[in-house]
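In what follows, chain A forms one complex with chain B and a second complex with chain C.
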Partner chain A sequence: MKRSLKWSNIYLWLVFIILYAPILYLSYYSFNSGGSMHGFEGFTLEWYKEVFADTRLLIILLNTLVIALFASVISTILGVIGAIAIHHVRKRSNQSTLLSLNNVLIVSPDVIIGASFLILFTMIGIKLGFASVLISHIAFSVPIVVIMVLPRLEEMSPTLLDAARDLGATEWDVLTKVMLPFIKSGIFAGFFMALTYSLDDFAVTFFVTGNGFTTLSVEIYSRARQGVSLSINALSTLIFVFTMLLVVGYYFLNRRSRGQVSGRTGSGKEWGLANK
Partner chain B sequence: MNQLMRMTVLVVLLAFALMYGASALNSSQGYSGANTLTIYNWGDYIDPELITEFEKESGLKVIYSTFDSNEAMMTKIEQGGTTFDISVPSEYAISKMKEENLLLPIDKSKLPNLKYIDPKYMNLSFDPNNEYSIPYFWGTVGIVYNPELVKGIEFKSWDDLWNPSLHNQILLVDGAREVIGFGLNSLHYSLNDTNEEHLQQAKNKLKELTPNVKAIVGDEIKLLLANEEAAVGVVWSGDAAEIIDENDKLTYVVPEEGSNLWFDNIVIPKTAKNVEGAHKFINFMLDPEHAAQNAEYVGYATPNKKALELLPEDISGDKRFYPSPEVTAKLEVYRNLGKRMLSHYNDLFLEFKMHRK
Partner chain C sequence: MRTADTYSSHAVAPRARNFYLIPYLLWMLLFVAAPIILIVYDSLFDVDGKFTFANYGHFFTPVYMKMTFSSFWYAFLITAFSLLVSYPAAYLLTRTKHKQLWLLLIILPSWINLLLKTYAFIGLFGTYGAANAILETIGIGKQQILFTDFSFIFVSVYIFIPFMILPIFNAIEELNPSLIDASRDLGASPWTTFRRVIFPLTINGVKSGCQAVFIPALSLFMITRLIAGNRVITLGTAIEQHFLVTQDWGMGATIAVFLIIAMAIIMILTGNRTRGRR
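For the complex of A and B:
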């Protein structure tokens, strides 16, 4: 028993090393004064300075974050409504049809989605730029939120809602005081998935950018044609650190709120478990 | 619910704050206002200082976007959702865009600096009389090689690629015109040859090259050659300049039988809103000092005669990128061969690719 535990630990470490090595390698060279990824010559912060001096790149970075935040908030709201709606469909076969339609959108290739959006925007005459990118990012994030929220809804016992109604809760109370708190973790997971999807999407964005509005992925791709400068390494390192901070922040936030919940008596979560 | 509301408000506020930051940065750059010029160019294909200078000189605000392939650029312009005022396609893309009416004619009376362009780069087959395009940069197709790894071969001729000692050592760009082109060149035929017999000969000759070919690759060819993954590569001169920049052991030659001469030209797409500003910009880039500065930054060869005189000797005297008149006399520009011939070229190239090993 002890032996197998050790092996699994080694395996886990190996997986993590493989996952993190490329990012660390890239970050390591962002400090290289040599100017290329061929050999480390000496420590420098020159590339970081270059990132902050390149206003165009900073604007693109801010655009990328703005799009990601708006797209994930809006798609989370739409996705939660969608998930609740699918959950409330009575007939089992209808429900699974809706769910498969949702899943088709997740697995369909980005190029197809991007090209279809390009055709759509051209047809109805939407100018390519901020709006077109935002709309398409919302569109491909909604199905992901639905898929993250739905399992939590399935876990929720219907008797929980019945009990709330019996105790005199209005439908609005049921939604805001029972249902949403119960599926909160699913909502957060959906939000963060949508955020990362939007941040790194290249294929869809590539088709729908225009009028001087680009996101980071598209910009880095067109720069890579001429060989990626180490300032891109520096920028990637900064974004990686930023995401790490976000995840750590989320972790602590989650722990604190969980502590509050278990401190209270009769919270929805325990009820749900007790009813199972 | 409260927590959800709080988080939502927080995220939306953050998004608005970032948006404000972006627009503040934008206006500090002067991107707002109606008097703008939108440029659509290859990535890293202009000295950014020149854009700042142009903005100061003309009072126009420049919105700068980049693309990575002629095809992607054409799609965007055809789609018409964006008002690009300037673009820089390669010669074959220009003839295609002309056919599809995607370009506006250029008013040469507004370009006094046009006189600095070397006449031999004007009035070429892809755009007679330069009605729609003005030369920006030019280059060749040739052989990049690592003298340490090829044991004394100097690649004076395309035939040197067939040297048996190069087994599994050559990388080729993934372009039908380029590969079939040097096949034809090695037989002393024209790059634009449409004679079926000549094409078959070229194909058969290329078939014999297959043991030497390591891979047919795209843009990653630069990285592979710079990292010495292969000894020899057939590439465009612009790529060669970058490879040599990365790894100065390598060198570049244009074989004596002749090769392709390519051009990237400035055009005004039909989506342009600021045609006046576009002409101003073209004239600005034609100024010898600006053209020289740009050529020094980008590393490609400038067609601007006066600018060439202003460039330092070690750039303008580099025979590899500014070949001597004897070599340039043998260079050929791709002619638009028409859809049928082009797909025949593609088929031959495909056959060559399938015969590998």
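For the complex of A and C:
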């Protein structure tokens, strides 16, 4: 038993090392004064200075963040509405039809989403740029939010809503005081997923972005095709540290709140842990 | 309408239901139905905007057929390798202390921009990169790694691993541990337990993982450009080429139609995902 445990640890570590190698590799060379990703010559912060001096890059970064935040907020709202809509459909067959339609955009290849949205936007007459990128990010994030919220809704005991109504709550009260607090964790998870998808998206954006507007992914793509520049390394290091802080912060926040409600929700997770 | 149906006493008033459905159905109409219809519509026009079925004829020429087959072959390889790496990893993850934290650390790299990671591999696999430095020290000598099938599949698998691990991890987590105990108590070896109990019960996780990898792998175009150096041409690359470079939207849309059909077949083969339903 102990032996196999050791092997399993080695395997896991190997996976971790491979997963993190490229990121650490980028970070390591971001301090290289040599100007290339081989042969570390000396420590320098020159590339970081370059990032902060590069207004174009900073604007692109800002664009990316603005798009991601807007897209995830709006798609969270739409997705929650969608999840409640699906949840309220009573006929099972209708519900699963809606759900399959919902999943179309999740399983569609990015290239198809990009190409079809490009046709759509040119047909409707939406100018390619900020608006088209934002709309398409919202569009492909909505189903993700639905998927994250729906299981929480299903977990919710219907008697809870009945009780609220019996006690005289209006539909609005039921929604804001009972339902939304209950599915809060799903909403947050959906929001974060939408944020991630939006920040990470390349293919869809690449299709629907015009000449004047770029996000980080598209910019890196065009720079990477030209050759290596260490300011990209510096930028990615900054992003990595930022993401790390965000995610770890989210994790501990989540854990704290889960600790508070664990007695109440009693989901399978706690049960599984207690069984160990 | 079966509103008289009282099997569920907790039904919400129809008024409220309609209210929620309106914005959601609007979204669906505009961004799910319309794009698919438009793709099919566009596939019926040639590059000059004339109505034609010629695009479909072109698709069945050897050039496109070969591309389709190689696209499927690469997607298959990528999915298989991802599964091979991810299943044990997901299983071992569920056995660790603080598994949620470890899972988070596995997922974390997928939060880093895809392009940045791909960019890193250009450095890692380059002529003077770390991979070649290692090969040189163990005496194999410098190899051309970048712009090969190997690098393409490696990077793709790297990108997709978290998406494979997550559903499998969840499936294993949902597994009732007493089933494993029962199997052990009844004298099954660990391998038998895995083959007859654990794997069949987590097959849904495997399926959704494969779905999550195979379909995007069919349509990769950025990695083919940056890592495979245009040597590998997938359906995705072809679509991108037609839409953004040669501006032959009709042909691009035709390929997209076939990709959508392929996708639908895969979805049916891997079974309807029953997420969100009991």
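Details
Everything below uses one rule, namely that the second predicted complex is superposed on the first by the 232 of 276 C-alpha atoms of A that agree within 3 Å, B and C clash if a C-alpha of one lies under 4 Å from a C-alpha of the other, contacts with A are read in each partner's own complex, and residues count from 1 in each chain.
Operating definition for what follows: contacts are C-beta pairs under 8 Å (C-beta built on N, C-alpha and C of every residue); 3 or more make two chains touch, one makes a residue touch a chain.
Predicted, not measured: the structure shown is a model, and the values here were computed from it.
Comparing chain B with chain C, the partner in contact with more residues of chain A is C.
Of the two partner chains placed around the shared chain by superposition, chain C is the only one that A:L150 touches, whereas chain B remains out of contact.
When the shared chain is aligned, chain C comes close enough to touch A:I18, but chain B does not. Looking at the shared chain after the overlay, A:N211 reaches chain B, while chain C stays out of its contact range. In the superposed pair of complexes, A:K177 makes contact with chain B only, with no contact to chain C.
In the overlay built on the shared chain, the residue A:G39 is in contact with chain C alone; chain B does not reach it.
Legend: residue contacts after superposition of the two complexes on their common chain; A:L118 is shown touching both chain B and chain C. Judged by the touch definition given at the top, the superposed model places A:L58 against chain B, while chain C stays out of reach.
Once the two complexes are laid over each other on the shared chain, residue contacts for A:Y221 go to chain B and to chain C alike. Common to the chain B and chain C interfaces on chain A are residues 36, 38, 118, 206, 221, 224-225.
Chain A meets chain B in the complex at residues 36, 38, 55-56, 58-59, 62-63, 65-66, 69-70, 72-73, 77, 118, 121-122, 126-129, 132, 176-177, 180-181, 184, 187-188, 191, 206, 209-212, 214, 219, 221-227, 257. Against chain A, in their complex, chain B makes its touches with residues 1, 3-4, 7-8, 11-12, 14-15, 18-19, 21-22, 25-26, 28-29, 31, 38, 42-45, 48, 63-68, 72, 76, 79-83, 219, 222-223, 226-227, 242, 246-247.
Across the complex, chain A is touched by residues 2, 5, 8-13, 16-17, 20-21, 23-25, 27-28, 30-32, 34-36, 38-39, 42, 85, 88-89, 92-93, 95-96, 100-102, 104-106, 108-124, 126, 128-130, 133, 158, 161-162, 173-174, 177, 211-212, 215-216, 218-219, 221-222, 225-226, 235-236, 239-240, 243-244, 249, 252-253, 256, 259-260, 263, 267, 272-273, 275-278 of chain C. Residue ranges on chain A touching chain C, taken from their complex, read 8-9, 11-12, 15-16, 18-23, 25-26, 29, 36-39, 78, 81-82, 84-86, 88-91, 95-96, 99-105, 107-120, 123, 139-140, 142, 147, 150-151, 154, 158-159, 161-162, 171, 196, 199-200, 202-203, 206-207, 216-217, 220-221, 224-225, 228, 232, 236, 239-240, 243-244, 247-248, 251, 255, 268-269, 272, 275-276.
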